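Okay, structure first, notes after.
Labels run A, B, C and D following the written order; every chain starts at residue 1.
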Amino acid sequence: MIKIGIVGAGGYAGVTLLSILLRHPEAEVVWLMSEEAHKGKKISELYPQLKGICELPCDTLDNFDKQLAKIDLIFLALPHGISINYVPKMIKAGKKVVDLGADYRFHDEAVFKKWYQLEHPDKAVLAEAIFGLPELYKNEIKKARLIGNPGCYPTASILGLSPLVKHKLVDNNSLIVDAKSGVSGAGRGVSLKVHFCERNEGIMAYAVNNHRHMGEVSYQIGKIAGENINVTFVPHLVPMNRGILATCYAKLKSQKSKVKSNELVSLYKEFYKEAPFVRVYESGEPCTKNVAGSNYCDIGISINEESGTVIVMSVIDNLVKGAAGQAVQNMNLICGFEETLGLKQIALYP
Amino acid sequence: MIKIGIVGAGGYAGVTLLSILLRHPEAEVVWLMSEEAHKGKKISELYPQLKGICELPCDTLDNFDKQLAKIDLIFLALPHGISINYVPKMIKAGKKVVDLGADYRFHDEAVFKKWYQLEHPDKAVLAEAIFGLPELYKNEIKKARLIGNPGCYPTASILGLSPLVKHKLVDNNSLIVDAKSGVSGAGRGVSLKVHFCERNEGIMAYAVNNHRHMGEVSYQIGKIAGENINVTFVPHLVPMNRGILATCYAKLKSQKSKVKSNELVSLYKEFYKEAPFVRVYESGEPCTKNVAGSNYCDIGISINEESGTVIVMSVIDNLVKGAAGQAVQNMNLICGFEETLGLKQIALYP
Amino acid sequence: MIKIGIVGAGGYAGVTLLSILLRHPEAEVVWLMSEEAHKGKKISELYPQLKGICELPCDTLDNFDKQLAKIDLIFLALPHGISINYVPKMIKAGKKVVDLGADYRFHDEAVFKKWYQLEHPDKAVLAEAIFGLPELYKNEIKKARLIGNPGCYPTASILGLSPLVKHKLVDNNSLIVDAKSGVSGAGRGVSLKVHFCERNEGIMAYAVNNHRHMGEVSYQIGKIAGENINVTFVPHLVPMNRGILATCYAKLKSQKSKVKSNELVSLYKEFYKEAPFVRVYESGEPCTKNVAGSNYCDIGISINEESGTVIVMSVIDNLVKGAAGQAVQNMNLICGFEETLGLKQIALYP
Amino acid sequence: MIKIGIVGAGGYAGVTLLSILLRHPEAEVVWLMSEEAHKGKKISELYPQLKGICELPCDTLDNFDKQLAKIDLIFLALPHGISINYVPKMIKAGKKVVDLGADYRFHDEAVFKKWYQLEHPDKAVLAEAIFGLPELYKNEIKKARLIGNPGCYPTASILGLSPLVKHKLVDNNSLIVDAKSGVSGAGRGVSLKVHFCERNEGIMAYAVNNHRHMGEVSYQIGKIAGENINVTFVPHLVPMNRGILATCYAKLKSQKSKVKSNELVSLYKEFYKEAPFVRVYESGEPCTKNVAGSNYCDIGISINEESGTVIVMSVIDNLVKGAAGQAVQNMNLICGFEETLGLKQIALYP
């Protein structure tokens, strides 16, 4: 039984993480931090679904030092630029850390700075962080003590595109991700953008050509390709709570233009044969509903033969596989538990 | 480990039941029946969220006799009037049965006939059926082998009204339930009524004064009161997938008109002190979101002192506490398992 | 052609009003005021649907005195307690005023103070204000120069209950309104309450027993009855943008208990025979979708004969008949135009 | 005043058309046809929002010959393959026809046959049909008597891509349309696909690489380009009632790679300077909400400079500009009315 602290427990990713861990057979949540405004409240007051299930109080980050001794592993679910102030001392104290934010996802500081306008204060700690996408880096994660948990859009996009890029089937300059997300991806903070009436009954793109996850997708896909890649990435807000669909487009290289859909399906299945949470469809299109509340990434594949374009549809629950579930998957690997432990929840349907 | 058969696995209640049982430590689902149209398909083809998790085929009811030997307990999730043709031989064969339909909820055949226009073929079997609301009849359920699992609206309504009626605090002729349901309550069958565009962005009442659940609520509340009661019951369709809110109104008897909200809260807490799935709020209004995907019934209470009206707000997930979760709760009691076994799922939020 | 000013044009009621008036053949909108934060912006920047249609700038209330000369009639769509500082000088300057807020809906200052905790500064002006529900007060409105435009919930509730109360058919102590509203009723201001993810997929009651519209409904129904009445009023938030359904319950007086639904339908039709925007259904239940974007109030009626309870279902578009459309209907009456001028928009369906 | 008949009035496009025409100053709807099942009903029974506004009965197509004399112009809103049996005799009888279906959108019979598996019975009539996209073919439409009204997806897609293709700025083999539609695009017919619970809270692609509108987009874009083009087209179902967003991707030709977003905005504005219903945004992303219920097509443009990809976002209301509104726009042009007559409805927001 490992002792867990959650920093940023009051957000949607935080409470999803808490809910998973409360049912995890090897984890015990012992400390919750939530932002200043909620000081003095119990988490079950912020989220009545936890009444009678978890009555832990919300604490402030100021008390972190006092709490450190009793914690084995810390999850951080914070806006970018905050974790970097706390992680080095956690690592120094011998704790394991899974950071759900962006601060430890880029080893290249220049790329991080370009997208986040921040200088990394501790390069040594950054150097040992592992990008926590177990489908690509399981062995590295098992040995790590600091995980940069991937963003929600990047999880869906990278899982969709990796086999194509790894096998050099497509023109790397042609990669496009048209991503659609439920509103919970924008967090629980209030703004006109997340007002019910402004989102309901409408779909729109946003942050076109400047969303930070475009940087993360391009950087990570580039690492797989072994070259600099600029993925065109356009996120959209969909009037639903949860789920991301990344519809990925890529041009087949001319010499590969005879490849068939069923061959790609086989190739994807082979690529993900040791990935318990990736399901590659023989045919048909995956719906975000089929993974809602679960840690699965479902993938469908089609080829437009006339234009030589591969279409890969990749769906996840943005709060589970795109955040909290993946974080627990990483925890399981770090701690030597079975990869799927506590993560077998079936999608809630409908 | 008990062997389970699910008849009607292809509907929303059926697949919810299957999903719960697939994670239940003492249950093994060995046989699935779904309606004719789906013959030859696996359940994971009807519901892709089950891909790789449950690959059982759908069978037809015609094969039931052949399957009987390997099954210990059968759940039936069928339209009314069908179970009565199968349950007697199941009982005769020594099986335990939880019927999620209406056929075994009424001991008074005349009342059943009034609301369902059906004659019960086997009165002896009917006589031993227990109305499966564990919060009221836990001891009877423990000894039963045939459960008439309550309807979704009745579950929310009866849990909301019972303490008031039991304690004779209110005028029994004043009871009103204004109930609001998500669309999954109408089932998976197609019709204009459940067309997305006809439901989305609208709320309306339906089946006013002739919904069969009005009969069930009145009958069961009447049993608690020890007299004939006509509850005014108006169901509404809300543009959401899951959840029921029953807003219940009752006039305090004039000599009880000084009772305060906090006294009622205490009375409800006492009433439900052995009910692990009922949460009575000290204050505030419960939202269906707070129980979505869980087996809880959350209850809020308020009194309009000027008019002497008690307002009780009772929320459940119609597919869990209102159907499949409650059915498993009954199974646990019948089989001698802990009441909450396999039912500790926290609401999926948001 | 009358010259119009709109104060509070940036809210949902304000922009709905503007959209109606831009298509009204006898109105010309010449001045828009929106709150401080938007100063310097055009209304089409706040609401892109107006691009190329209305490019008026948003002004501040500070400039009102300078604008007064060019305006014939002013609409105010403001939070309560602000209009009272401006209306007296508007009236003094000979302008006509339709106030969509609460400040001029109550002639009884004590009742106003009870619900709004405010002292009215100018009793003389208050005294001449008319409650702008044309279905009840058309003749008074025609002669008025100051209208207190009804609230959204009260419009639906009062239209639903008035015929019963006026004809003394029901026990006035039994009146219950279970009201359901789309989220736009909460306005465009941001808060956790209107966060998409907090509202979507959930229904809940709120402000139980203390919503200010309970005061307005009780006061206005009391005026019709000629006695003090306490209506039990419970509002609910529904995951949809627009629309209110008021499900109204009332006990028939014992000597009236033989009245039939079709008799009530006739009585309602007679009551509203000069009301071009009220449609009484012969049978069936009205849906909010059937009035969305229109100025209609659709009413359905049913009687639970066993309990002697009348159920009246009254639906409106909260922003049209519940606010802006009704305000224009009042303008038409004040200005001597046809009552329906510019208001014949058919509901947008689906 | 022209006399109008609507064939297929009972569908969503049909009733939208009827609603527009009922408010059109130069049109009088005199005959409604709806499918067999509704025979004997008034349109206001199918659509209660029309109660008291339009009480015309639904007739059957069998009576068409008898009705022909009194009609000047016929709209057909039917599934493909039916209009071709009626249009030739309408044209022969000297009537004007606007066909909202697919039967008269392709002059190339081979292309039509490829996508619709149908032989055209009357090539002479087909030859004179005009593709009714006024932004491209206004002059031809003015002289036409038979219009093939564009599909919903093609309207958004072609308006989004035409300026790029016409000006030869992009690689024609790189065109991708990732289209997102509200559920009303699937029509009012019932199926599991449009079940509320199956669509709500989920997004998915469908008919990937075989949607008929891919044929229409490719054919029409090819006509503009003067060469055979295969547009990659992936439609998605979004949980909302109305609206289409076509996110269009195209690679700039290498020699055009220095073009800037603002230059493209100017080029689009010039291209659409005589199109009263196209609004090109200076900046920002259009939302389907901003055109809901209106006849506008709003367009936003962005360039990913690193990958040389133009992103064009084009939004319409699928039932208005994508069907009924565009049909009336065509009627106006054919009949010599002002292009915008009866079509100035502002989007209903929110």
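As a working rule, contacts are C-beta pairs under 8 Å (C-beta built on N, C-alpha and C of every residue); 3 or more make two chains touch, one makes a residue touch a chain.
These numbers come from a predicted model, not from an experiment.
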{"item": "Other chains in touch with both chain B and chain C", "value": "A, D"}
{"item": "Chain whose average C-alpha position is farthest from chain C's own", "value": "A"}
{"item": "Geometric centre distance via CA averages, chain D-chain B, whole Å", "value": "46"}
{"item": "Centroid spacing, where centroids are CA-atom means, of chain A and chain D in whole angstrom", "value": "39"}
{"item": "Separation of chain C from chain D, taking each centre as the mean of its C-alpha atoms, in whole Å", "value": "37"}
{"item": "Junction residues of chain B, two or more chains touched", "value": "12, 182, 184, 197-198, 200-201, 239-242, 286-287, 289-290, 292, 350"}
{"item": "Partner chain D, residues of chain B touching it in the complex", "value": "12, 182-184, 188, 190-192, 194-201, 239-241"}
{"item": "Chain D contact footprint on chain C (complex, rising order)", "value": "12, 15-16, 19, 22-23, 47-53, 184, 201, 241-242, 279, 281, 284, 286-287, 289-294, 298, 344-350"}
{"item": "Contacting residues of chain B [partner chain C, same complex]", "value": "173-176, 178, 180, 182, 197-198, 200-206, 208-209, 230-232, 234, 236, 238-243, 245, 247, 249, 251, 285-290, 292, 300, 302-307, 309, 311, 313, 315, 350"}
